[in-house]
Every structure is written in C-alpha cells, then in structure tokens.
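We call the chains A, B, C and D, going by the order they appear; numbering starts again at 1 in every chain.
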Amino acid sequence: MNPSLEQLTADYTALAGQVETCDFALKGYHLSVAVPSNQVVAAAEIADRAGFSIDAVTGVDWIAQNEMEVVYDFFHFTSPLRVVVRTRVPRAEPELPTISAVFPGANWHERETHDFFGICFTGHPNMKPFLLPEDATFHPLRKDYQP
Amino acid sequence: MMKFLTIEPVRVLLYLVGIIAFTAANAAYLVLAERKGAGRIQRRPGPNEAGWAGILQPVADGIKLLAKQVMVPPGTDSLLFRAAPLMVMAPPLLCLAVIPFGDTIVACNLNIGLLFVFSFGSINVMALMLGGWASRNKFAIISSARVVSQNVAYEIPMLLVVITMLMVTGTMNLGEIVRQQAGGFWHWNLLKVWVNPFMPVTFIIFFICMLAETNRAPFDMAEAESELVAGAFTEYGGMGFGVFFMAEYANIVVGCSLATILFLGGWQSPIGVLSGGWFGAAWFLVKLYALIFTVIWIRWTFPRTQFYSLLNLSWKILIPVSLVTLLLTGVMMKIL
Amino acid sequence: MNVTKETLHLATAGDAPQETFVLNLGPQHPAAHGVLRVLMTMDGEWIQRAEPIIGYIHRMHEKMGENRTWAKFLPNTSRIDYLSAMHYTHAFVGAVERAAKIEVPLRAEYARVITSELNRISSHMVWWGALLLDLGGFTPILYAFDDREKILDLLEALCGARLTYCYYRFGGLYNDVDDAFLKGTRDFVKHMQPRLKMYRDLVTDNIILRKRLEEIGPISAELCRKYGATGPVIRGSGVAYDVRRAEPYSVYPKLDFKIPVYHECDSMARYMVRMDEMEQSLRIIDQALDQIPAGPFIGKVPRVLKLPVGETCYAVEAARGRFMVRIVSDGKEIPYRVKLRTPSFSNLSLYEEASRGMILPDALAMMGSLDLVIPDIDR
Amino acid sequence: MSLFSSISEVFKGFKSLLVGMRITAGQAVKPTITVQYPHQTLKMPDRFRGHLELTIDPATGQTKCTACGLCVRACPSDCIDLDGLKKEGEKRKSVSKYEQNFTQCSLCGCCVDACPSDAIQYSKDYNVVSFNRDDFGKMDLFRKAEIKKQDWLKAHPQPPAPVVPPPPTTPAAPAPAPEQKQP
C-alpha cells in the first residue's frame, strides 16, 4: 500500500495544514506539512494509515519568533517517500498532545524532546526524565540556556 | 621403610595428603591449562608473564585470592554463606578416595565404589544451591534454582547409563571394573559393541551428563556470566570464590576419572605392553587428561545452551536413549 | 524453541498469589554492552516488563553542534556510534554538502563507499563476536577481532585513526586513497571469503546457536513500523528497507548489491541478515575498487563555510540502520540546530514491548541480536 | 515432527558440533597472531595521528610556524595555545610558545589541515604516559621543537658566526618544503 504524494497532500490540506512539496535532492524530504499544534495526532494518524513509520520527533527553539517548533519525521518502508510534519507552539507554554498512542515509538522521542526543550506532551504515558539526570531542572537545547 | 608406609594409619594419612595435594595441584594447574588451551584455540599465547610461559600464574592467582578479604554482604545468611565453599570442596575429595589410579594405588578399595562416588557427587549441587541462596542476590537465587533443576535432570540419564554399565560389569568395585577391561583397547567397555552396540552412545551420554553435572560449558547454567553475572558466586570474593572455582575443576577430575574407569579401561595399557604398577598410573593420567582436554576444548568452541533446551535435551533425548540402551543391554546379556 | 508460559502449560491464572521481583540488569552487566540498564519485573525467570533506562553516557552532542562551526562538529560525529564512525560522518558531511550544494568528486565518493563498507564489516564483526559472547561462546569474538584488525590496520594506514576516523571532509576526503590501501583492500576481500565460510561452519550452523536464536524474540514488521526500527532488525522481519536503496546517496545506485531479507522475524533472521550483509559489503567493495576513477579527492569548498538559511536532512544506512542528520541553519557559521536520529535508539525502544513474556536468557539473546551501541542511543 | 526427522535432526546437530570442534582444533595448531606489547611493538603507519609536533625546516633548522593562529581557530576542542613574537631582523613572527592540551585533543586533524605553512604534523608517538597530568594538559611542543633544533645544530655543525648575513635565508615560512607532506 504505497501512498501517493497527491493523496497525502489532499489529506494534509484537509487538516488545515500548509503543505509544501520539496525537492528531495535539495532538502532530503518530499513533503513538508505545517499543522496547528492541536492537529498533530490527526496528522500522525494520516501517516499511520498511509503506512509510514516514525523516524524522529524533535524540536527547534525559534527564540526570535518566541516559538518552539516540533518536527515529526516519517519515512516509508516500501516507497521512497519522506514526510515532515511540523507544528509551532508558544515558547511560554509549550504544550501539545502526544502521538505515542498512534506511534508507540514516539514515546521515547517525545520524552527526549521534553528533556531537551521542556515541551510538554499532554497525555503522554510516561513523561519521566530520560537522557538527562533525574534531578535536572534545565532544558539544554533551549537557546537561552546557559550552562 | 616400605613396611612403615603400609601400616594402615600411615597409609591413610599419606593418601589423604596425596589426594588433597593432587586435587589442589590439579585445580590450580587446570586453570592454567584451561587458559593456555583457550589461548591456543583463540590464537594467542595465554598467560605468559608469571614465570616461564606463565608457569607461576596459579601461584600468583592463589596469593591474590588468599590476600583478599572475604566479604559477607549484609543481609546474607552468614553461616550458610561461609559454609557453602567448604561443602563444595568436600565431595570431590571424598570421591577421589575410591578412585583407583593404578592396580594397587587406591586409598580405599570399596566394594560399592561406584555408589559412593555418585552419592557424594550429588552433594556438591547442594553446596552451590546453598551458596546462591545464602548470598541474597537475585542473580544468585536464579542461578541456584537452575543448578538444582539441571542437576536433577542430568542425574537420571547418568544413573541410567551407570546401571547399564553395572549390568555389563556386574560389580560396583571400581578396581574390579578396570580389571575386567584388561588387555588392549578392544577390551575397553567403550568398544565392547558385542555386549551392547550402543556402547559408544552410552559413553557420549555419560560424557554429556558429566559436563552438565560439573556445570561446564556449554551447560554452565550455574555461572552463565553473560546472563547472571557470576550466577551463584556473584557475591563471593577472594578465596570463597576461589574454592568454588577449584571445586569445579576438582569435580571435572572426578568425572573424567570415572569416565576413564568405566569406559576407557582405567590404568590398563591400550596396547597391552607397558602395563602394571606406575605405568598403569601413567596410562590412567594420560587418559584422564585427554578427557579433561576435551572438556576444555568443548568449552572454548560452543556457545551456552539455553536453560530450557538443556532440560529438553535431558528429558527428551538423553533419558529415552539411555533407557533404550539399558533395555538393549539387558536383552543382549540374556541372549549371549 | 520459543518457551513461553503458555507452551509450558504453567498455571498463569488461578488464585495463587504471584510473586514478582525486580531485577536490575545493569548499568554494569556483562550482557548490557556498555551502560544500558534494564529494569526487569520478573515472575521467576519470566519477564513481565523490561524497561530500558538510558542516559548513562549521554553527552549532548546536539548541543555541542550548536556552539561550534560546521567543520568543528565533524569530529563529534564519529563518536556517536564509535563502531560505524564512517557512516555517521558520511551523514553529516552529506547533509552539509546537500545544504551548501558542494560538489563531491567521484573519486571521493567511491572512496567513501569503500571505507563505509569496510566499516560496516568491522562493525558487524564486533556485533557477531559480542552476540556470541552474550550466548556464552568465547572464541568467535577473537576470530572476528583477528579479521577486524585487518580492516582497522587498513583504515589506520589510510587516515591515521583506528576507530574515530573523521576521514570524510566537506566536499571530499581528509586525504587521498593511496594504491597501498586499494591493494590491501583487495587482499582483504580475498582473505575474507574463506573466513566467512569458517564463521558459518563454526557458529551459524551450530545446533546450539540455532536453538538459541531460532524462533526467539519475534519482532513483526508492524511492530518495527510503529517504533521506527530500521537496519537489520527490519530486514530480518521481511521488509527490504535499506536507505542505500530507498534514498540513494553517494554512488550506491551505480553498484550492484542485494539487500538480504529474511522473513522469519526471529533473532536468527536478524543474525542471518548481518552475516549476508558482510558478504554483500565485500561485493560492493570489490566493484567499487574496480570502478574507482582517478582525479581529485576533494572538491571546492569555501574557506568560511556558511550554509543558506533553511533545513536539510540526510540519511545513510549505518551498520545498525537508518541514521539521519537534520541540520537547521540560520545563515551563520555555526549550526542553529543539529538533530541526530540514531538507529539504536529506535531499535531499543521496541524492546519493552517485544520482550514481554520471554525468559531471561532469550531476552538477552534477543537484545544481542538487536546490536545495540549505547553511546549511539544516548548521544 | 515425526520420529525419523527428530532423530535425523539430532544427528545433524551432533555433526555440526563436531564440525565446530574440528575448526577450533584447526585454529589451535596455527601460530599465534598477537603482539606481545611491551616486548614487541608495532611500527606506526605514516599517516598515524599522534599528538602534534612542530616541524623543523631541514634547510635552516628553524620551526616553520609563524604563529598565525589558524590552527587555534580550526581546533574543535580549543586545545591549542600559542604565542609568537617578532624577533629583530626578521620579517615574520615566529612561534615562542606552543602548547597543546592533549587531554582534550580529539585527533581530528583539523589543525594540520588548516596550517598554511606545514609547520605542524603528527608525531608517531603512541606510547604517551606520564605521572604528571601537566605533561598532557600542557604539552609543550615548543620546548620539544627547541630540542630538535639543538639536535639539528649538532648534526649541522655550522659556525654560528654569520648571524648578520643569514636573514634573507632564514625566513622559514613560505618555502614549499615537501619534507613530510602527505599526498
């Protein structure tokens, strides 16, 4: 069941997302989708239905815009297709729902993102400190972090 | 002088000292032999710094182990924890007392030698179990549970095999068993295929069971260092560990001696010449160390078996096969 | 023989109170390959829940990427997974080259393929030896290291380092591949064929190993998909996913090689995939040695490297699976964000679900077949 | 599984064990492959990356370093500390202090790549041990280079008298100097 680019584009556009088709040779992915933060679970479900696998979940701290970006990478086992779903949350209150119910593999990635950026994934089953020490109160990948 | 040596108390004392020395020297130097053998197989020289070609390595190891404090971790049953190393060393020493090294070289010529060896040989599993249980360590407890079930499972085919041999030889006296195999290797029980065509199979079963009983690789469930750290010995340090380690080798010596006596003709010369007296002892040792070398060779070749396939091997293959050989031997003996 | 409680007909139900205990496997445990800690809730020898706890050698490579220039981050990439350092450097230089549109000369690309595949073989050899060590076989690791040493000697003579090579540079290589290296590699390929047969006779066909690995630790393709497991794990579950084919990079499209796939989903399948991969890597090296052209080994690279604003991804097939680098640049000399997506991380994350109900030795055999490198997980 | 196939499986398994034992026995009679380290040593390949050392121009016996500081800027782990001063009568600066913090060095080779005058190279010294942390924390490469200079002077017994004429020949930097250049 190889997904088609058009179908995916249509699905994500229906999700109030801004879909951008990219040149793989320049970017390293085919489809970049920006969705509102409350739509990430639906976006993940679309990827799940299309047979994608979770690659990574990570964050980027855009301190100038006072926003944090959460990036979900999906890759496909059988078709050479890569989709990037991104969403932005305000820096002051970085919260968005977890997709670990859709992709259990996102569990660890989200814990890591929580550690590094302090982004809270609501509904996450096991939001414990992960890579950082248990008593760490800092989020090292935030741009205003001073060691 | 010779007369003085044959006085019973002196003789017993001499044999006691001799057996302890033999066991200790074997345990110490088999460790070196094992490490050297492993080195050969893995194409490296093995320990070679202490003395010429590492000949003093066991001494160095012994001094190191002796100099270490024996730690008794808090929460352990300290009496059992200390007693287990003593209990593990006693059975092989006792068993060696009835093993005939030569025609006349035996500490105690017991008529029920075979029974004696097996009854005392089974105690050593208890020591491992107690040691593991007393150390109050989760790995050690898993290990001691494994050791018990493994030894129970392998005692059965081993004893079935021994009963087969008992039927063939008709005696439990180890010296008598050897004497029956006199005159050339074709008289050995191993090759007495006219008594039982499955005789080599019997030997292989005995050998496998001996490996399992002595917790040697590929059946080393007691230690299983990649799963259970050091198994039952996890909490032991210094000479406590050292004694367990030595007992393992002492048990191998006993097991291989028994295999030599039961199947390979004990002190009998394989070609008929150069037999008797000290030559006999020499032949015995040659056969014994050849078997021990095979044990070492096996250890450094195979991965460890999984615990349940180990039990499966015993219950599903070894016990049925040994029962069949037992039956066949009975039938053959009745016919012939 | 996959032993579960059901196959042994043990009383799992019933009113008898079941006592469980927690076994703390690691962070210093012989089977944990480094500092992995697995908190196992055990029912006897059965695992009820095995929760990997990681972070013991976390080094925050991603933050290190944010406070040094692109070129200065290069040595770090070989230290994420020290066993397949070449692949990791490849991904990072690939990402930067893709973003800065740097042309790489063909000779450099072929040299990258040769060294990458050598590195893959050496990494699989460590895995092979370590797996056998987990299973209690001590000799294979020394045979494997004997052969691996030949690879390391070759690479040392080539770039001066044995493990953390840092051999690839933006636009090419650190220094040219010389004839001695090419000849040595050819000799190695010839030497390796009979050795692989020896490995097969000694270990792969061994009945004890087969009993330890066959039908142990099944991981279905669907489980892999949900967790993002890649590399030999997914290929052992019957999916022919290989980044070298799915997202072709370097000169791999010009080379002819097979992707070994096994459909059994068990530990033995993963084992066989890696053994076959070593053979395929030898094939790739052989072809690349025939095809490597003369020419420069490094392209034109600006002296002060500034990447255009935007983000770029680059994925390679490392020895353990898909390794992806995502770099975000804000036009300055130093990266804005470097994300390292490592294969062992995803491969381990399915362990909790896959190991449920297994017994301890099987679970450890399965952990060995996942081929974990802990610094790769912790980064 | 039928009885017959299980029996044949047992035999096949047993045979595989014997094959394994034959292989280990075959390996056991082959010579050892190890190097007994303190007694035997290996020769390091030409490209081996040890710690840094300052090169000496074989023509003049002077260090080639001009203390330009490019290596310091190229170093990912900030482990190079150098200082240069301009001697009288010379056009360029020459190095007067060169310290490498070897405890932090990752041996990546960026500094050697960056050096415009081939003034630094890797030593083939792999056996680096010391009782003193500062021997590595502040590895004084300049002093080592001075020792080498002395050796050079001993090997080239020139009268030190012509101090005034040499300046045109002494500028030790931009000459191509193909001595240790790696391809």
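To be clear about the criterion, contacts are C-beta pairs under 8 Å (C-beta built on N, C-alpha and C of every residue); 3 or more make two chains touch, one makes a residue touch a chain.
Computed from a predicted model, the values in this text were never measured in an experiment.
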Handout entry: Most centrally placed chain - per-chain CA mean versus overall CA mean
Key = C
Handout entry: Most remote chain, CA-based centroid, reference being chain B
Key = A
Exercise for the section: Would you mind pulling out the distance in Å between where the CA atoms of chain A average out and where those of chain B do? Expected result: 62
Problem - Centroid distance [mean C-alpha coordinates] between chain C and chain B, Å - result: 43
Completion exercise
Distance between the CA centroids of chain C and chain D (whole Å) is 29
Handout entry: For chain B, residues that touch 2 or more chains besides their own
Key = 41-44, 300-302
Problem - Residues within chain D bordering two or more other chains - result: 17, 20, 23-24, 27, 33
Completion exercise
Multi-chain contacts in chain C, i.e. residues touching at least two other chains, fall at 139, 143, 146, 202-203, 206, 208
Completion exercise
Among line, ring, star, complete and other, the chain touch graph is other
Handout entry: Chain-to-chain touches, reported pairwise for every pair that qualifies
Key = A-C, B-C, B-D, C-D
Fill in the blank from the handout: In the complex, the residues of chain D that touch chain C are 12-14, 16-17, 19-20, 23-24, 27, 33, 45-49, 74-77, 106-110, 113, 122, 182-183
Problem - Sites on chain B touched by chain D in the complex - result: 37, 39-45, 48, 297-298, 300-302, 317
Fill in the blank from the handout: Residue positions on chain C within touch of chain B in the complex are 1, 3, 8, 21, 23, 29-31, 42, 45, 132-139, 142-143, 146, 202-203, 206, 208-209, 211-212, 359-362, 364-365
Completion exercise
Listed in rising order, the residues of chain C that touch chain D in the complex are 68, 71-76, 79, 139, 143, 146, 153, 156-161, 164, 166, 169, 174-176, 178, 198, 201-203, 205-208
Handout entry: In the complex with chain B, residue positions of chain D that touch it
Key = 10, 17, 20-21, 23-25, 27-28, 30-34, 36
